[in-house]
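Following this line, the structures themselves.
Next come two complexes, and both contain chain A; in the first it sits with chain B, in the second with chain C.
Let's look at the complex of A and B:
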């Protein structure tokens, strides 16, 4: 029970901190002090206290977009186990729900963007769904590999497979899917090299351009759910790349938090050392993520034959 | 094949107005076409009203870079129309639109006759027959449209997401691909040319300094050279040297800032943030010279407003060494990072042939392989004695434009160092007499964006009867529109930054 409460508490409070750490890392590379680590919290609180400007041409879909996104991402967070602890909600086949909750969030975000009728937002929505066609299968292959490795269709069992059950043959597929999943993580959370979260150029953005018309609390919700998405996908990735656990059970919480910080620093480093890809080249990167995950799955299936 | 009918002038020298031949329109047209065919380019073409309301005078200033001289001619237009030269000479496209707007003359056969700055004409004619009491709003009117089910239109600006000047961009897109871009400016039209007319007053120099805030030195130098030419004033070598140093410092600050902005647009952080700081270092060097980071107050008619002493020169050289090292560290990161090069190469290509036809100037022209640099071709001041090699590159893409800037940064630093090795003695400022009456002068300077052209005509009383300014942006905006054809719309900000043109310099 306590673990479930800690799970919910972490899920609700930790995500914006990751943005702060990514930005601090980037600032360090650029030789600046950068914004405070807690800046994302200040931003969200500030936005929550602001008023909203809602265009007369929009309908309820515009308001539903951010709210449904937050709800779906929260639910996905409840389905996902953290470290060695079980998820608050779990049932057989929950991996399908997990994957499609992200799909539902995307559907509502793009629908809200199209609802404004602005050409920029239409462009952003078109880009978002085009790239999702490639990142979604990659995420699915990752989940399939995990299901095959663990022999279970429940996220709880899939994600913490006991260390003893691993065989050497699983190593290669798992390495491949972790690379693929990392690329999917960067794409889904709009980081460089796929999207530039800091840009203000309406013609080049993907995710940011879809939410141009949202303001005040709605925009705060968007920022909050985007950081939560980063947290969830990051936690999935950590399960694969770092299955280490300590003997002292409660110590796994701080260990997880440290690992999460490490992941945020890695993302910050990736953003600092490379430029954004040309829009035309982003599908290549996503296809390579798809191939990594798909090839991992094929290897694994061959092994079990 | 040469335009012998035009008067030959030197950059920054005044001639009597009588010395400029008045040609028949056909001869005028032929002189321009022959000139461009022989490799000359149009630096300026503008109208001027005469005492008779139905006669307008047209002037043309052609730059003959091979012969290092300027060719100037004029013609008289009777009535409210003339036959357009644009179909044969595309670089006159904007000049003719400007003449149509300012003097209500219709260039018959102009392929895309629209206003330039959306203002009323100086005469009681209007090229579009709009009523005189109707207010004219910028960027209102028809835009070029591509028909088709899958073609969509994207309009950007005049209010942008970043803190930049206002301009309206209309894209015709097919998915992510841009078929056509049309740019509508004029939001910042202030009427500077009109304000310059008459006796030069205390205000005139400030108008010149703020023509384009980032090109203060080049524009003010152009303005002061025009006054000095008309007043037959001899500047000292010391003043000319200091003007050259200020001009190169302005170039350094802006080029470094541009390289930072380009890397910001491709999402490459290290260079972006370091260049932002180093730009400040160069601006502070200008402040060391004259107390203003943008060089306000530095250039004055008759010389420079601020002298330099040995202590200041040593301090500046010391800062220059440090900034040079920092710039090299930050900028070379760009060329060494494959992901940055992948974004810059083959983005926004301006072919050499197009650059010639559109009459492109400055780093954008040099990046397309045109060896065009006023400091070499039409040198004035210190550049007659101390040469800076022209930096060119033949890619014509965003990389080319970035790399030319980097070459120029290195050469400008070397130039400043050479100048400070032997500072000539003399007074920084000399007295300027009254302007010669009925005279004509053209001054060209290589600002950091390209050729800055000021043309002044005096009347019988020796005050300005017409003052024409051509900012390099006026030549180069069509190049940006061209470079974006067939590109992805998401590459527009990067292409735009690689040209980095001025809105207020265009709008005047």
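Let's look at the complex of A and C:
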């Protein structure tokens, strides 16, 4: 029970901190001081106190976008086991609901972007749905590998198992899958090299440009749910790449938090050392993620036979 | 009792168009009587079906039919399951017709439409309850011909006539295949009765022939990928409630035929299930890819039927694999997906076609790129279309998610037990289909209902009458109910699934045991509650402080044409799939410092119809061109042919053999 409460508490409070760490890492690489680590919290609180300015063109869909996104991300966070602790909600087949919840969020985010009638936002929405067509199969290949390794269709067992059943033969497919999943994570959470969360140059953007017309509390919700999505997908990845546990059960919480910080720093490093890819080349990156996951699966099947 | 109710419903439906024929053209009463009778038929039919659903004892009536032995009709859970959408949609569609196709505005063809609408319903119900090959074919032909007259309702239009001819040729190739199938069936089993074959009464070779004939014959009707070529044209050209009926219900008769016929054959080989999954994956992927490239709202929806039939076939294939492998879990999950997606697709596809019809009715164009901003003028239609769009993308918390969950769980289960590699390909393909469908429906919903209107007609649109809104609301409510409360499904699905095979250990397994229906219901409700509570929280704490124009980068003279169009939205995906879409693009050449106004258009032809069948047809025409010399319309020539034929026939009487032996005998 306490673990579930900690889970919910972490899910609700920790995500914006990751943004702060990523930005701090980037600033350190650039030789700047950078904004405070808690800047994302200040931003969200400030936005929640502001008024809403919305476009005359919009309808209910525009407001539904952020609201549905927040609800789906919260629910996905409930399905997601953290560290060695079980998820608050778990049932056979929850992995499919987990993946499709993000689909629902995508439907309403992109529809809300089109609702403004702005060409920029249409452009962002088109890119978002197009790239999802490649990252979605990659995500499902990952889930396929995890299901095969663990022999289960429950996220709890699937994600805890790589730790338990870690053998050298499993390592190769899991390494390939985690590379693929890392690329999917960068694409889904709109980081460099797929998208640049800093610039507002509309012609090159995906996520930032879709939410150009959202302001005040709606934009605060968007920022918050985007960071939560990063937290959730990061937690999935951590299960695969770092299946370490300590003997003292409660110590796993601080361990997980440290690991999460580590992941945020890695993302920050990736963002610092790479440039954003040209828009034409992003599908190639995503196809490579798909191939990584696919090859991981083939290796796994060969091992079993 | 259930069977009697359904027979009453069939007669009511078949007769519903007749009174109108005897009434004057310029009166509303013909249509009103027809609608009244169709609603009656729906109520009787649904009552009968409700009594028969879940109860898996088939009651049969035998009536003598001298030409083909005794004909049998009967109802079991499977028939009842497929009758539900038929009777639901026939009633709702006729109500929709009151607003969409009123007699006084369509004096020329309204009576014809009502007559064949009733006959279509009657034909479909008859084929679903028949247990005899001849009665089945009778119902099949009534359905096929009635659908032809419905597709060509507006036979003054070139487009409708062309679509109608392609449709009738395709459907008759299917019927011909079915003739072959049932002749073979009679030869193999010794009777026209459609009863399960026990043990190894038929050899594997004959079973394979039967399987491929049924796949071709029923697949043509269901719109499976290589045989879908007649579908987009026919469904786009018909009036919208007829498109809804054709896409939502008539296609499902092909699925019914396949499900029913495969249940009769014992011990299927592995290859069948694998092939069906593969065909399903191809249909699903290419169906949605072609849908994305369309500019015509109804053509786009029609291609999505190909996609959904693909998902249904994936479920059926998984069930067949389960039968081959002796895995009851796969059978239950696969067949549950196949059946439930059949229902779901008839619900949300009809809903989408009806709301598309509501748009076409007001704006008089099907071109997506000239619509826009209709959510403000037609709020009901927009909301209904949004529900249909979320449902067809298979997203929670609506019904499409439930059936896709079944097939995902079955396929993943098959991967875990390491028995079938086909399902390995199927899982990522299904994920990709989902993402592409989402892209397509965001495009349509955004371009048609959101943003600013792109034409004057669109700007002046108004909401459709109540008679058109009620059917949409009923269908949307069904989508929501199935999505929020899939716990209600086991009583309906279990009887149907356990009756499908004669396998006894299947009886013990319920869909509730193998799929997390309770959890999904809870999660869906939780999701809805969460969304509503966040919305209420926002509403109570925040107010819109100012309404301004959309951010335009300081360029204030923008017009509605600056918006991202549906074509540009789909451009990247269409580019990724250029190898299969092969769009025809007409690009203007832009020269000089001040180029003249120019136009650019692109069109995506159908892969099979325009790239394979039409060129092949023209090739044959050229090849046999010399044959025309014999066909010149001169009576004397034909008399000469007859004379030559007679001489040739008489020449068979000449004892050549004896002649030759005598000649060389000496």
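Some points to look at:
We take it that the second predicted complex is superposed on the first by the 302 of 305 C-alpha atoms of A that agree within 3 Å, B and C clash if a C-alpha of one lies under 4 Å from a C-alpha of the other, contacts with A are read in each partner's own complex, and residues count from 1 in each chain.
Going forward, a residue touches a chain if its C-beta (ideal position, glycine included) is under 8 Å from a C-beta of that chain, and two chains touch if they have at least 3 such contacts.
What you see is a predicted model; the values in this text were computed from it and never measured.
When the two complexes are overlaid, the chain among chain B and chain C that reaches more residues of chain A is C. Legend: residue contacts after superposition of the two complexes on their common chain; A:31 is shown touching chain B, with no touch to chain C. Shared-chain residue A:199: touches chain B; no touch with chain C.
Using the contact criterion defined above for the overlaid structures, shared-chain residue A:51 touches chain C, although it does not reach chain B.
Of the two partner chains placed around the shared chain by superposition, chain B and chain C are both touched by A:123. Shared-chain residue A:281: touches chain B; no touch with chain C. Annotation: chain A residues 119-120, 122-123, 126-127, 202 touch chain B in one complex and chain C in the other.
Residue ranges on chain A touching chain B, taken from their complex, read 26, 29-32, 119-120, 122-123, 126-127, 192-193, 196, 198-204, 271-281. Contact residues of chain A toward chain C in the complex are 51-61, 63-64, 67-68, 70-72, 74-75, 89, 91-94, 96-97, 99-101, 103-104, 106-107, 110-111, 114-123, 125-127, 129-130, 132-133, 136-141, 143-144, 147-148, 151-153, 202, 212-213, 216-217, 283, 290, 294, 297, 301, 304-305. Those residues of chain C that touch chain A in the shared complex are 372-373, 375-376, 379, 382, 386, 389-390, 393-396, 401, 404-405, 408-409, 412-413, 415-416, 418, 421, 424, 427-432, 434-436, 438-439, 441-443, 445-447, 450-452, 515-516, 519-520, 523, 526-527, 530-531, 534-535, 538, 541-553, 560, 562-564, 568-573, 576. Contact residues of chain B toward chain A in the complex are 152-156, 161-162, 175-176, 263, 265-270, 272-274, 277, 337, 339-340, 342-343, 347, 488-493.
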